[in-house]
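Next come two complexes, and both contain chain A; in the first it sits with chain B, in the second with chain C.
The block that comes next holds the complex of A and B.
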């Protein structure tokens, strides 16, 4: 029906506008909003069977991802929706045929052929099942920060010196929870040229956590006294590598040099099934205005000098010690397994 | 010596000991023994009142004796000290000397003469043993290196000594910082307000030459910055001081000039902690001053010192710089991408020479960091010479490193264990370069080599003004302002000046003696010491 379609188009358009105008504050906000968008779309759209639904999701998801290619969260949420649809379909199909657990054990993957569902069958219970699953997923997203923070006391002991870079809400909540029971110090690297570290240091100080703010150049010098490095990240790549704020690679190298554990707090929705393929980071990195680096006041220089201001940094998985996610702690070598639980391999290419 | 039971009173103990004057033995350590026994008395139990009564009775008897003795004339000593009357003998605080004189009836002069004899005999015996046994080679040097005062700011005795010295020499002192960084509590942390340096400084009474005051203020406000510049400026200022100096009556130039330079140096230390190059300059100057023979007139001596200073600058900075440029320029090929960090006067010379004289076509990537933004100054000069450049912040080092061929870094000092002390951030750049297999070349003249050893950047460093971190983000509205950081008691800002690069991150050090690995630094130092001794 035209009105329904236009309604769906309307909400998609609002979402893309907000995205372009950068109205979402952080990845979690973006993830919640996109899942809510999907909930509305799947709820209101008319579809006959799973195959139709999945094709529609893929189409819309592709458009959304192209609006903002560097925001991997949108692509992740699209793939999660597809996985939910597939899972619910498979469960209902198998529920009709036999009662067996759907746990994909390693043996099953290796030995049995993937049962190729056509997804054409029209199962009336599919829609409510999907909507319920999405609702559960939303609750999981909303509590992701708290789920990570409760693990804080396992990792931070008394009188430790912890280093971090930039501002990550996850890390802030993590440290705040730990500070209720343990006394420790935090060294914050200010992370030029956006200087988000200033905000984190001020917030930590207001939360009565002892914080020292250092410029980026002092990271290696201070690392000798640091017990742990805890950072947040923009996204986690499929090989366990990180796409994090610029300066994180230096931090990781310094931590490796002094054998300091490098802990990354990242909720599951940041896990991305893509790899970084080109080392010159053409498709991977984003650049902000060079004015932040070399102000336009320096007219004589700006006209004759190339200035780069990369936003992201790639950190290879060898430098990461531990991932703390809302489902628990994992080593980088385990990321591939988590991926297979979250996304279906056929959905990786939207 | 005989054993003395503990529950005897002090008076009685002394009596017994002093009786041994009768024999010729008077051990030098007797006063020590008495002190230990006195302290032992405090530990004694109160008990045995019987002995106390006995003692009191004896005391009274002694008193009577002394009263009788007092009527006899007592020989006064040659330094005319007044002998204390006998009733004050019983006070525990009396010095042993006066008590002895009264007690035994021997005169003080006789006792002193005896003691002197013993001491002379012992000294002679010691001298004999020394010449017989192994000759002690410069015992003062073997007492161990003196730990510099700058890294003992957490010891109150050292602090007191510094304050006293400043007051004696009339050198203004900066107030200590309100919010100290705990990790660096062993370093001097002061409120760096430049105005306070000259607040109470008068020209008439001050022992500090005006050229030195000017220099100090230039250091404190960052006008003169960089180890070569600071060393040269110091030498020029000292030239002025030397030429304006006149030897006072009955004093030698070689001794007095050094003494008059001390408050100047102390003032400069207060303005800004001295760099390694400046330390070497001061040591060089002191050595030459003390070596001036006393026959030389003032004019000749001053001329000699001026010549030596000019020679130092010419050899160690100018010629060394030229040699290093030659050497380093060979390492740069056309088509290279060179990465530098911060500002180094030597590096500028090298790049200029390679670009202009040797006509090599290369690109330079300049990395910079807040709060100092020295890389910007470096960039300005490169652009003025039309060298193609790229400018980035240090956080972008790992983004840009894959396309870099060589990394050139300057150094503040080279330490004796092969580590490089340089501007904070250089070690990070070297680390990222190593991770990408890019060679790191450090260019440093030998006058910046020092004997110190350091393994990390904490032991010895300079803390800059923490407000610089706030000033660097002043014009940016998107940054959360922490201008009120002093109101948050848990927040500290740290502005390090130097960091120490481990030697294994450096591929080669280019000096005027050639390209050497980092481990050759002590060899070069030894050569230099040998030269100066000869």
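The block that comes next holds the complex of A and C.
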């Protein structure tokens, strides 16, 4: 009979293998799967108190994050789990703690109230409370796409021209919901060299939404007639900047030039408490095979030129007009506040 | 009168003898000293004494903005400790003293914290521009160079009229960090070659803007025009309850040294010592409370003073 530990190791290994083979479809799928993984781990693992559990979560979380450093969602989910443990512990421990007290603040420095929990008390009720909380969180994740798309009618008006880039499930759901009541036109930038835009255009056409496909180089030319840009993103950084598919920065700058509102659909689990400095491309970007840009068939040429095929773009917060998350619309300058509610400050650095 | 002289001497003694200590902390320590030496008289008398001492310290020739923020924080500290609920003044004083020590100890920890947050933003091979002399900028550069083993180059403006930039350069030389002293007027000239701007602050105001050595605003304007990130490093005890809208809005006692104001000369002929940099020019603020966007500053102040 396999011991409990090796069983947990087994689950983790299956997950990391799936991750390496890119079996997850999109970041929501990844978020759901990683929370389900955490649910299993926390349920099966033996722990005496919250401190032990949190240390274990941190350790496993670190390993998971290292498997795929550019997937910020994994780190975010680890932090959410830690936050859930902290919240439930604080709640059961006399129910005295409110969220704001956990924050580091000037007030705390002044009053010198040591609210540092040691998390060592053994509370039997803690485990069921945590499991229930994780269950609620899973429901929230599952419904996040719908929660965003129900806001569509507030943002898309009749006969508007919307521009988007690449393929985002959230954006597609958003457009589809709006199309139930309003007629509008969508211009899709194809997003070379992966051409995810082709798929979006096809899907839109199938949903009977008028779609126009353009090459990325035509973004600026088309922008003059666009009423709104609506895009998805890979993650939202702590300063309100975006880590989004390559080409988004071009799109954002063109939108700024013509003063077109630049709206980003991003569910809460994409909010990442890390800061990125735009100069640090090595730590931020990921590079795909150059095959799509310059095919290996061009033997002679391939050996003579450098080919880069970056996946991400950093978009500074001043180019974003609005974030639409599952809880509502927010300005980029408000992201810091959402982050302080989502994660505990001590967990930001895993 | 005897007593107030002592206050100023005590304060200036700290400022001169311990160059590592910020004016705000020196002010708080002075007020703590008053609290300790104050006889067992009435609370009313104590608060009167503290108020007088604050006024007195504002006449010193140092960063008045920092003194103001430090004193405001101390006043708030007294009300928040709950010591005032005690029935007799002796107990009340004991609690204040005890809490005050914890408070001061926490203030000591702020600068290393900021340095840790700021250092990862400095990358290998970068060129950094800084203005005047700031203890927290120095510590962050030290952390990046010595602990994180980064190699970078620092440009420092001379920062007239007191040439404090030259002092900053001496400190960097001691740390073996490569640096160049430049003219204040060469700010625009070097801006195209630098990667980021790091400055300290004498005070952080409610809007998220900063009050700092004159020339900071110019630097922020240049950085914005050239699309360079403009980072501010400041301890949270420098948050001050002011909301200036423009340069003219800054109180006179912050802009000019008290000796200048007392001399009665026409202030229009005098050089201001500080300027106000609006939040729109600041990329991020690094504080001991974490990395903040300018809009997060008012949140912190509201939490404290509401």
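We adopt the following convention: the second predicted complex is superposed on the first by the 326 of 350 C-alpha atoms of A that agree within 3 Å, B and C clash if a C-alpha of one lies under 4 Å from a C-alpha of the other, contacts with A are read in each partner's own complex, and residues count from 1 in each chain.
In this section, a contact is a pair of C-beta atoms (placed from the backbone, for glycine too) under 8 Å apart; a residue touches a chain by one contact, two chains touch by 3 or more.
All figures in this text were calculated on a predicted structure; none of them were measured in a lab.
When both complexes are overlaid on chain A, the residue A:275 reaches chain C alone and has no touch with chain B. When the two structures are aligned on the shared chain, A:240 is found in touch with chain C, with no touch to chain B. Put simply, more of the residues of chain A are touched by B, taking chain B and chain C as the two choices. Using the contact criterion defined above for the overlaid structures, shared-chain residue A:333 touches chain C, although it does not reach chain B.
By the document's definition of touching, neither partner reaches A:70: not chain B, not chain C. Contacts of A:16 after superposition: neither chain B nor chain C is touched. Applying the stated touch rule to the two superposed structures, the overlap between the chain B and chain C interfaces on chain A comprises residues 279-280. For chain A in complex with chain B, the residues that touch the partner chain are 190-195, 198-199, 201-202, 204-206, 208-222, 224-225, 246-247, 249-250, 253-254, 257, 279-281, 285, 292-295, 298, 300-301, 304-310, 313-314. For chain B in complex with chain A, the touching residues are 181, 183, 369-371, 376, 379-380, 383, 389-400, 402-403, 423-425, 427-428, 431-432, 435, 456-458, 461, 469, 473, 475-476, 478-482, 485, 488-496, 499-500.
Interface residues of chain C, counted against chain A in their complex, comprise 73, 76-77, 80-81, 99, 102-103, 106-107, 121, 123, 126, 195-196, 229, 236-237, 239, 283-284, 288-293, 295-296, 299-301, 303-304.
Residues of chain A that touch chain C in their complex: 100, 104-107, 109-112, 238-240, 275, 277-280, 333-337, 345, 348.
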